[in-house]
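There are two complexes below, and they share subunit A, which is joined by subunit B in the first and by subunit C in the second.
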Partner chain A sequence: MREFLQYLITGVGSGCVFALVGSGLVVVHRVTRVVNFAQGSFAVIAAMTASTLLASGLPHGLAEASAVAVGAGAGLLVGLVAIGRPGTPPGASLIITLGLAVFAYAVEVLIWGDQPRSFAGVPGAVEFGGVRFQAHYLLIIGATAVVFAGTAALFARTDIGRALSACASNPYAARVVGIDIVRMGLLSFGIGGALGGLAGVLVTPIQLVTFDYDVTLIVGGFAAAVFGGLMRPLHTLVGGLLLGVAQSFVAGYGNAAYQMEVALVLLLAVMMRQAARAPAAEQEPA
Partner chain B sequence: MIDVVDLTVRYGVAVALHAVNLTVAEGEMVALIGPNGAGKSTLVNTLSGIQRPAGGTVSISGRLAHVPEGRQVFPDLTVDDNLRLGGWRIRNRDTGPIYEILPGLTPLRRRRAGRLSGGEQQMVAVGRALMARPEVLAVDELSLGLAPLVVADLVRHLRELNADHGLAVLLIEQNARLALDLCSRGYVLEAGRVVAAGTAAELAASPRVADAYLGVAG
Partner chain C sequence: MARRAPAVAVGVGTLALPPLLSGSHLTVYILLGLAVMVTVGLSLLMGYAGQVSLGQASFYAIGGYTAGLLSVHSLPPVLGLLAAPLVSAAFAVVVGIPLLRLRGHHLAFATLAMQLILLSLVARADWAGGAIGLQGIPRLSVGGYEFADDISYAYLVWAAVVLTLLVARNIVASRPGRGLRALASGETAAAASGVPVGRYRLAVFALSAAFAGLAGGIYAFYLGYLAPGSFPVLLSIEYVVMAVVGGLGTLWGALVGATAIILLVQVLNTLGTQPGMPGYAPSVLSYAVYAVLLVLVVIFLPHGIVPAVRARLTRRASSGAV
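Up next, the complex of A and B:
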């Protein structure tokens, strides 16, 4: 039972990180219909930036916040290249984001080298149900809860959120009422960058981050986002948590080498299920 | 209000509008009729700034709001959210006056726009345009796909908006009889060119219009 709880808490922590990466994918896709494969790179860039800033003496909090801002800036840059030219089809934008994710490797290796990085998170340990775990997990879970509540409120209760939704819902009508759909798309990429950056700075204290860690994050984040049809943030949270916990149990009770395979099998299963439901879903209002 | 001079619009090499001239005066209701593909929607898209002209000038004094063809509501958003987005350009968030002008929308305000009937969606599209507090309203295919009773109700609202609020209207319609009944003046657009213009009575009496658009042998 103690082992079970230990694996569960560890899984929830990494599931939160997948959910954060996935929510960035959802925000961008909701607004632009583009699947942003550079989403994992924002996490790596923010993680590396935070480690450099902390090493140079910047205090905790400020270093992580600055790194999240750098992630948002990276998101904006990717957005500018991917959708900055009006009329770029979402398929072409997807390929651009994939290319930029590969290009990001070169930039990351050039700046930070190819060695893994980590930094200290929230110090100390917490005991729950007879299990001791790093207090940093509480920060990951708390920050994820706040971000998802904030994202839901943004889309449901603010004019800017309504305008973001309107761009995805009916781009032509959005232009008719005077919404600048390119600007809204760039804003979504900026938000996506910040969410990816937050995932990066939260995961680094519990996981060594290398320049190619974005693959793990994008596969997990994409699996979480697909669980929500790339549209629904709450389903993405559930998908991320399920994936994180499943991977943790596989690693704990089985073999840690199969974690990626678990993500891919889950991703495949969800996509097959959604493909089977697609004809019914198409009858729903767009 | 609207002054279009020698307007030319191209899609690549195809010419959608060729040297079109059109005016709408303050408080006037003007019809633009013509068959499918004549360039009517291109003209209104150019007026609202969505389409760029290749030549000529478009001058609009006052605010223009656009009710697009096919309603084009935001299906996932509520009626109230649809209305609020209509005021996006001028940051008008007060939907109250719209429910007074179009009371039929009041019971629907929390419903998703995509779940409404065609007539209700058209009402939402008109209300959304009114949120921009326009002086001139360009309505693209008001009657398309709607039952006659629903169209009559929408027409009544447009007449009231014109009479009570001085709203100028450019009505783009395939239903020429409806357009010429409602408006005092009109233009006939065919293959991107204005082929006839005049008062509604003159157009209705013209054998060309009567034959092609009113179903009366000229």
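Up next, the complex of A and C:
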């Protein structure tokens, strides 16, 4: 039972990270129909920025917040390239963001080198139900809960959120009523960048981050987002948590080496199921 | 005949090149040829079947490991080379039946997942050398002739590239090829006109895998050593860059794209390893080149370099005639 709880908590922790990366994908995809392959890079950039800022003496909190802001800035830049030129089809934007993800490698290696980075999170351990675990997990879970509630409120209750949703459901009609869809698209990229950045800042204390860690994050995030058809944030949260917990149980009770496969097989299974339900003609073209 | 002239010129030119090249340039020549083979397949897949594959290097790896494993277990190497494309294609069919139900970014992530799973399985398979890699692959020999030096591999690659291009060209020109072109412009319309869409998509997927597998087989004999780390996800992305930059669905595009990128990366590599340059310079420069070229081409020349140049030439020719 104690083991079970232990695995559950670590699983929920890493699941939250996948959910955050996935929600960034969802925000961008909802508004622009672009699947942003660079979503994992925002996390890596923010993680590296935070480690540098902390090393240079900035206090915790401020360093992480600035790193998330840098993630948002990176998101905005990716958005400018990916959708800034009018008439770029979403399929081409996937390739563009793929290119930008590789470009991020160049920037990251140039600035931070190719060695893994880490920094300390919330210090200390917490005891719960007879299990001790790093207090940092509580921060991850809390921050994720706040962010998902905030995103839901943003989309449902604010004018900006309604404008974003309008672009998502009918870009033409959104333009007719005076919504600047390119600006909304860029805004969604900025939010996506911040969400990715937050994921990176939160995960670094429990996981060494190298410049190519973005592949793990993007695959996990995409797997989470696919649960909600790349459109629904709440399903993404559920998907991310399921994924994290499944990985943690496989690692705990089975073989730690098969963690990555769990995410991949789950991803394939969900996509197959969705493809079997929706006829090909209704799916998005390449 | 005039239309064939450029192809003949390039063919003869590249055939005359290997004896003139020094050791390291010969290596570039060989790796370039292998990249062209993979890119031709990927270009067909992306251009005609409209499928983005982010896992093309896995077929390259399967071809390499097939050839390597068979010949390490003292089967005749030539058998390994013949088996490489067949095993890759068979793998593509088995994987493709479920995967090709997916479209667009779903398929892109599915092929990426396929490669990650494959790499991690190979890294744990002791019978395939595991993470350390498969060592002691003999040199290729056919009958009594052994491909011992680099020049012989250069000619082997040349022949394999020509074979790949001819097969691809004939398929594009055939009746199934016309069906594929219909498929590229509109899947529903093609299906309505009687094109067996699913079977054709699977066939192109398998064909692209066979090309990559053959290239991987030659790679195994040339290097004599294979490891999971030789086939990273970034390699798959490189093939996408080459195919997109050259122009999807054109054979010349694959040739030009692969050549441009490999040569450019080579030049930058030489530049990056100059004394005084920091140790990370070569990798930073090559990442930047892949990225910048890919992004610029997708935004400004969405059909790729070769179709853009061709369109300009046609325009000039027609305006000259008026």
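Going forward, the second predicted complex is superposed on the first by the 278 of 286 C-alpha atoms of A that agree within 3 Å, B and C clash if a C-alpha of one lies under 4 Å from a C-alpha of the other, contacts with A are read in each partner's own complex, and residues count from 1 in each chain.
Here is the rule we go by: a contact is a pair of C-beta atoms (placed from the backbone, for glycine too) under 8 Å apart; a residue touches a chain by one contact, two chains touch by 3 or more.
Fair warning: this is a prediction, and the values are worked out from it, not measured in the lab.
**Student:** Please indicate which partner A:Met1 is in contact with in the superposed arrangement: first for subunit B, second for subunit C, both, or neither.
**Tutor:** Neither partner.
**Student:** Which partner, once the models are overlaid, touches more of subunit A's residues, subunit C or subunit B?
**Tutor:** Result: the larger residue contact count on subunit A belongs to C.
**Student:** With the two complexes superposed on chain A, say which partner A:Thr88 touches: subunit B (first), subunit C (second), both, or neither.
**Tutor:** second
**Student:** On the A-aligned overlay, A:Ala106 touches which partner chain: subunit B = first, subunit C = second, or both, or neither?
**Tutor:** second
**Student:** Scan A:Ala173 for contacts with subunit B and subunit C and give back first, second, both or neither.
**Tutor:** First partner only.
**Student:** Identify the residues of subunit A that lie in both the subunit B contact region and the subunit C contact region.
**Tutor:** The answer is residues 285-286 of subunit A.
**Student:** Within their complex, state which residues of subunit C touch subunit A.
**Tutor:** Residue list for subunit C touching subunit A: 50-52, 54, 98-99, 101-110, 112-113, 116-117, 120, 124, 187-188, 233-234, 237, 240-241, 244, 280, 283-285, 287-288, 290-292, 294-295, 298-299, 302.
**Student:** Quick check: in the complex, which residue numbers of subunit A touch subunit C?
**Tutor:** Touching subunit C: residues 35, 81, 85, 88, 91-92, 94-96, 98-100, 102-103, 105-106, 109-110, 113-114, 212, 215, 219, 222, 226, 257, 260-261, 264-265, 267-268, 271-272, 274-276, 280-281, 283-286 of subunit A.
**Student:** With touch defined as at the start, can you tell me which subunit B residues reach subunit A in the complex?
**Tutor:** Those residues of subunit B that touch subunit A are 48, 50, 66, 68, 72-77, 81, 84-86, 88-89, 93, 112, 114-115, 128, 132.
**Student:** Would you pull the subunit A residues touching subunit B in the complex into a rising list?
**Tutor:** 159, 162-163, 165-166, 169-170, 172-179, 285-286
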